[in-house]
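Next, two complexes with chain A in common: one pairs it with chain B, the other with chain C.
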Partner chain A sequence: MMLKATIDADILKESIDAISALVTECRLHTDETGISTRAVDTANVAMISFHLKKEAFESFSSTKSELGLDIAKIKNIFGMMGKENLLALELPDEGHKLKVSFEGYQYSITLLDPNTIRKDPNIPNINLPGKVVLSGSELNNAIKAAAVVSDKIALGIDPATQTFYMVAEGDTDHIRREFGKTEVNFINGAEARSLFSLDYLKDMGKVMSRAEEVELSLGIDHPANFSFYLAGGNGHVEYLLAPRIEAD
Partner chain B sequence: MRFIDFATYCRQLEGMSGRLEMIDLIRRILPGLDDDDLPVFVRFVMGRIFPDWSPLKIGIGPNLLFDAVTGIVDGTRDDIIHDINMTGDVGTAFENILSSKKSSAYSRRSTQAATVQTPLTGFLGQDAEENSAVSPVMTLTEVERDLHRIATAQGKASQEMKLDIIRSLLSRSKPLEGRYIARLLLEDLRIGVGEGNMKSAIARAFEVDASLVEHANQAINDLGEVALIAKKGEPALREVRIRPFHPVKMMLAQQGTISGTIEENGMVAAEFKYDGSRFQFHKSGGECRMYSRKLEEVTGSLPDILEMLDTAVDHDVILDGEVIAIKNGRPMPFQAVLRRFRRKHKVNSMKEEVRMVPHVFDILYLDGETLIDLPLSERRGRLDSVITAYRAPQTVSDDPSVIETIYNDALSAGHEGIMLKVVSSPYTPGIRGKNWIKIKPAVDTLDLAVVGAEWGEGKRAHLFGSFLLACRNEEGELILLSKVATGFSDDQLAEIYALLKDRVISQSGKEVKFEPFLVVEAGYSEIQKSPNYKGGYALRFPRFVRIRDDKGIDDIETIDGILERYQRQSA
Partner chain C sequence: MGVALRDILNDYKTAVGWDSLGGIAALDAHNALYQFLSIIRQPDGTPLMDREGRVTSHLSGILFRTVNFIEKGIKPVYVFDGPPPAFKQETIEHRRSQRKEAGERWQEALERGDTEEAYKQARASSRIDDYVIESSRTLLGLMGIPCIDAPSEGEAQAAHMVITGDARYMVSQDYDTLLFGAPLLVRNLTVSGRRKIHGRTVTLNPEKIILEEVTRGLKISREDLVKVAILVGTDFNSGVKGIGAKTALKIIQKQEFESIAMEKMPDTDYQSIMDFFLNPPVHSDYSLKWDTPDQDGILEMLCETHDFSEERVKKALEGLGVTTGQKTLDAWF
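Coming up: the complex of A and B.
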């Protein structure tokens, strides 16, 4: 058996939501320690690194392998699952169909040939000096507020006042939200400011809203890195989002 | 092959004026392509994305393209449409837009500084170039795969997904690549490489006989695959067979006269010319499918016809025929049939209104054997042996008076006229040759492309009110011929509006221009010489007759045809 596991439906759903915020298909790596994937969205603007430890599962056994997942399809299938049910996953050796059983349903999901999916990107190594930690739901609220007036948002850190801020400017309207020391934990209050597309942030924000804490790393006209845990600390997600920069 | 190389070749071809020069360049490129790139290259250069037999359609109108590009550069849709108006071509406009990502041309109407989305690539360290997932180099097959995903996207989120894929393609494109991606998405590369040139190039590239290339293409209807087979040599080309469920182009007919045709050929086979919709019926292994004249699959819209033919034939076959609509024993106008072809939903309710009858007149394939090379008389024999019902009656004669009688019978029975077919002729898919001659009363109507319109006034203010019509020349360029503003019912105007509203490529004042795809039949009283139109001719008293959505842009009247009609009327 390549993979045999049972998992809480809610955890699986959360994991799939985290991946589907950026990509519609991915290469999923499994080994005895758990499952992981790293994928870049089709426009090369954002990357997700995702890891779910075997401790997140009720039971888990797997050999080292690579599966091609049609995330969009799987998301549709799991859309009908209730919460707090256990779900069983099974993939025989050399199998191309993932068997999923929950609530009396037996699904057989055809996997994609991993070779038809873009290769995993390398592990990024970017120096982002500004680091803050804030609540996922606060972050998501600010993103939603910004989306009302604009399609992009600036995220920054002002070292002088020790504030983390987000600014969105529309053609006619403007919104600014500052977070002081009481709301945000400054790990490194270095100066930072970059502009990001809200198209991406909105989808990522929905996922992050469930995380108690999100660690956000920023630079000047550099990507933003959002790092957070799910599944009670047994799952970890990192989003890396390239900035928009002023055209010269 | 990298897509930028493909785009560079396209630019070279676009700059060439001579046919031979173009063929020569393609001939030199083809042998160097691997088996994955070769068919894609051949299709793409002709502005085709899928094999001709394939039911897949990319289905991208200019509107979706504008939405996509608006997402990657700052600036409004109007800015972009303005750019297209300036260049008159979506491809060149996209090229300019993509180069202006750097020059901020799009900040001109925005109060804020323009910004552009950077890719992650630049931030991922030195080895990013060789990191294929974020590699900015697009290949020909990657682009093909993305276009395939667009065509197969289904469901409620499919529009958004198509938009995402187009954005992703465009955001990875260098400006020159953007020019040809945009044109590919609209399936018109504007470099002037048509099927004829491509066939010559394939024959010369792989040193095979041009007639074998032609024949293989007639059988499998995909020059991309023909090129692959040609690469293997002449014996492989000779082995090519027709395949069930790969529709073959339909053989077409020329106008002619009874006496002329008999004089030239002696014995001819005469059949009624039915005013219905041409179909091709495929049956293999118990499965049946039907295709329209444009080779679109219409299996679902004609369940009754499918059932009749399925029951009538007990072999694997491909049949050629025409469906007509009958009401009280008389054929109904063509419009009634088309309604059924187009109507994919409510099929059952339509079934009650008019009775549809298939008339089968040819057979192209029987139990694994390709029949198109047999003479008509032998094909007819095979047809008679596999099906007795629904056969179109045929009379073979060399007596003009016998044929005249059939012609008069056809007209009095409410049919369009007759077809005269040379008994010794093979079935030549896609060819409008002298082996099939149509005889019908002279009607002064033309099939023309709708290329522009003006917004209506009064109660038609929200619709297009009048239309610009074009014919084409030998190279496939469209030539303006007439404006038509009469002959429409309100329903027809609404229908035309629905068909064209997403095909607008530019607008200025009350005038709009369309990506050409819609064909209409227009009547007129006379063809006149006119300095106002580029082709030198115009229609007098033009009027709209009907939409011809069974016809494509390639099927419209040619400027030579117009000239011929002009000379005939002044003779």
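Coming up: the complex of A and C.
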């Protein structure tokens, strides 16, 4: 058996949501320690690194292998799952169909040939000096507020005042949200400011809203890195988002 | 020009949505340019031209197809042919004379006022010359799209890039790419989705062919598939008259390739052709880098030099993301 596992439906759903925020298909790596994927969205603007430890599962056994997942399809299939039910996954050796059973349903899901999916991107080499930790729901709320007036948002750190700020500039309207020391934990308050597309952040924000804490790393006109845990600390997600060019 | 394997591949074509085609696509440049030159024509067969009479059909094709790709999250890389292998000479000469004849028949049809025939002959006279290649490279360079030179056949190089994982799939209309081992071939990636076939306009949707599904389904190896192609006829040999893909497949499955080949095409050095398909010369030391398009350069080349409408080109450039300012992660990898 290549993979045999049972998992809480909610944890699986949360994991799929995290991946589907960026990509519609991915190469999933499994080994005895758990499952992981690293994928870049089609436009090469954002990357997800995802890892779910075997401790996140009720039971887990796997050999080292690589599966091609149609994430969009799986998201639709699991859309009807109730929470807090256990779900069983099974993939025979050399199998092309993943067997999933939950709530009395037996699914057989055809996997994609991993060779037809983009290969894993390398880990980029980026130095992001500004680091803050804030609540995922606060972050998501600020993203949602910004999306009302604009399609882009600036994220920055002002070292002088030790504030983390988000600014969205619309054609007619303007939103600024500042987070002081009481709301944000500064790991490194170095100067930072970059502009990002809210199209991407909205989808990522929904996923991050469930995380108690998100560690955000920023630079000047550099990508932003969002790092957070799910599944009670047994799952880890990193989103890397390329900046937009600030117009003069 | 390809190999007539359609009859045995039809079952392995699956429709594929544009949405799922994101990623790096290796384009067989000659195949794409030939398509542009043959399709982008006026009703009487006259290609698009600037005021000095230079053909611009290919430039129009490159611009709009590339923009369409980028909008769909596809990152194209164009792979150009290098010098052809010696045994392609016969095919090349044959095509040259076919084009010349088509050119003459086009003129005759125009004189008679037979527009339909003129269009048909004009298409068949399409020719990729140095001007077409150089101007294509210049435009692609301005658009920030990488061009790679194959040591020999472009299809082989592009297939190699898919095999190594540097590209996700190959874009070509030709099935040869499968013979060169491309794991995934995507066809019909045209902007309009329409194409003229035998004088009728039909709608074409993108379709993919996965090599592994073909070989598994037909219960033959890639080597066998090459043998089928050699019997049918490839770019490098004319095949056996009267043997189509289905018959050839049966011959291979019955393991009668060697005997039929010896009997029906004694002068064909099929071993060299097989070697070429299975182990073609390819480069591994290329770099793939997509640059920010040079908006002013593109406008100057297309609008000032080649008389394109400035409005249309500017609109196309918006699709390239020149104006949105979104960076990609490429700069940090």
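Convention: the second predicted complex is superposed on the first by the 246 of 248 C-alpha atoms of A that agree within 3 Å, B and C clash if a C-alpha of one lies under 4 Å from a C-alpha of the other, contacts with A are read in each partner's own complex, and residues count from 1 in each chain.
Keep this in mind: contacts are C-beta pairs under 8 Å (C-beta built on N, C-alpha and C of every residue); 3 or more make two chains touch, one makes a residue touch a chain.
Nothing here was measured: the structure is a model prediction, and the numbers come from that model.
Model built by superposing both complexes on chain A: chain B and chain C clash.
Shared-chain residue A:113: touches chain C; no touch with chain B. In the superposed pair of complexes, A:171 makes contact with chain B only, with no contact to chain C.
In the overlay built on the shared chain, the residue A:207 is in contact with neither chain B nor chain C. Once chain A of one complex is fitted onto chain A of the other, the partner contacts of A:11 are absent, as it touches neither chain B nor chain C. By the document's definition of touching, both partners, chain B and chain C, reach A:46.
In the superposition on chain A, A:242 makes contact with both chain B and chain C. The single stretch of chain B with clashing C-alpha atoms against chain C, selected from 382-390, 436-444, 472-480 or 562-570, is 472-480. Shared interface residues of chain A, touching chain B in one complex and chain C in the other, are 24, 40-47, 116, 118-119, 121-122, 124-126, 197, 222-223, 240, 242-247.
Chain A meets chain C in the complex at residues 24-25, 40-47, 113, 115-119, 121-122, 124-126, 197, 222-223, 240, 242-247.
Chain B makes touch with chain A in their complex at residues 71, 74, 101-104, 106-107, 110-125, 127-128, 131-134, 136, 145, 157, 161, 164-165, 167-168, 171-172. Taken together, the chain A residues at the contact with chain B in this complex read 24, 39-47, 72, 116, 118-122, 124-126, 152, 169, 171, 195, 197, 199, 222-223, 240, 242-248. For chain C in complex with chain A, the residues that touch the partner chain are 19-20, 22-24, 72-75, 165, 168-169, 183-184, 208, 210, 212, 324-333.
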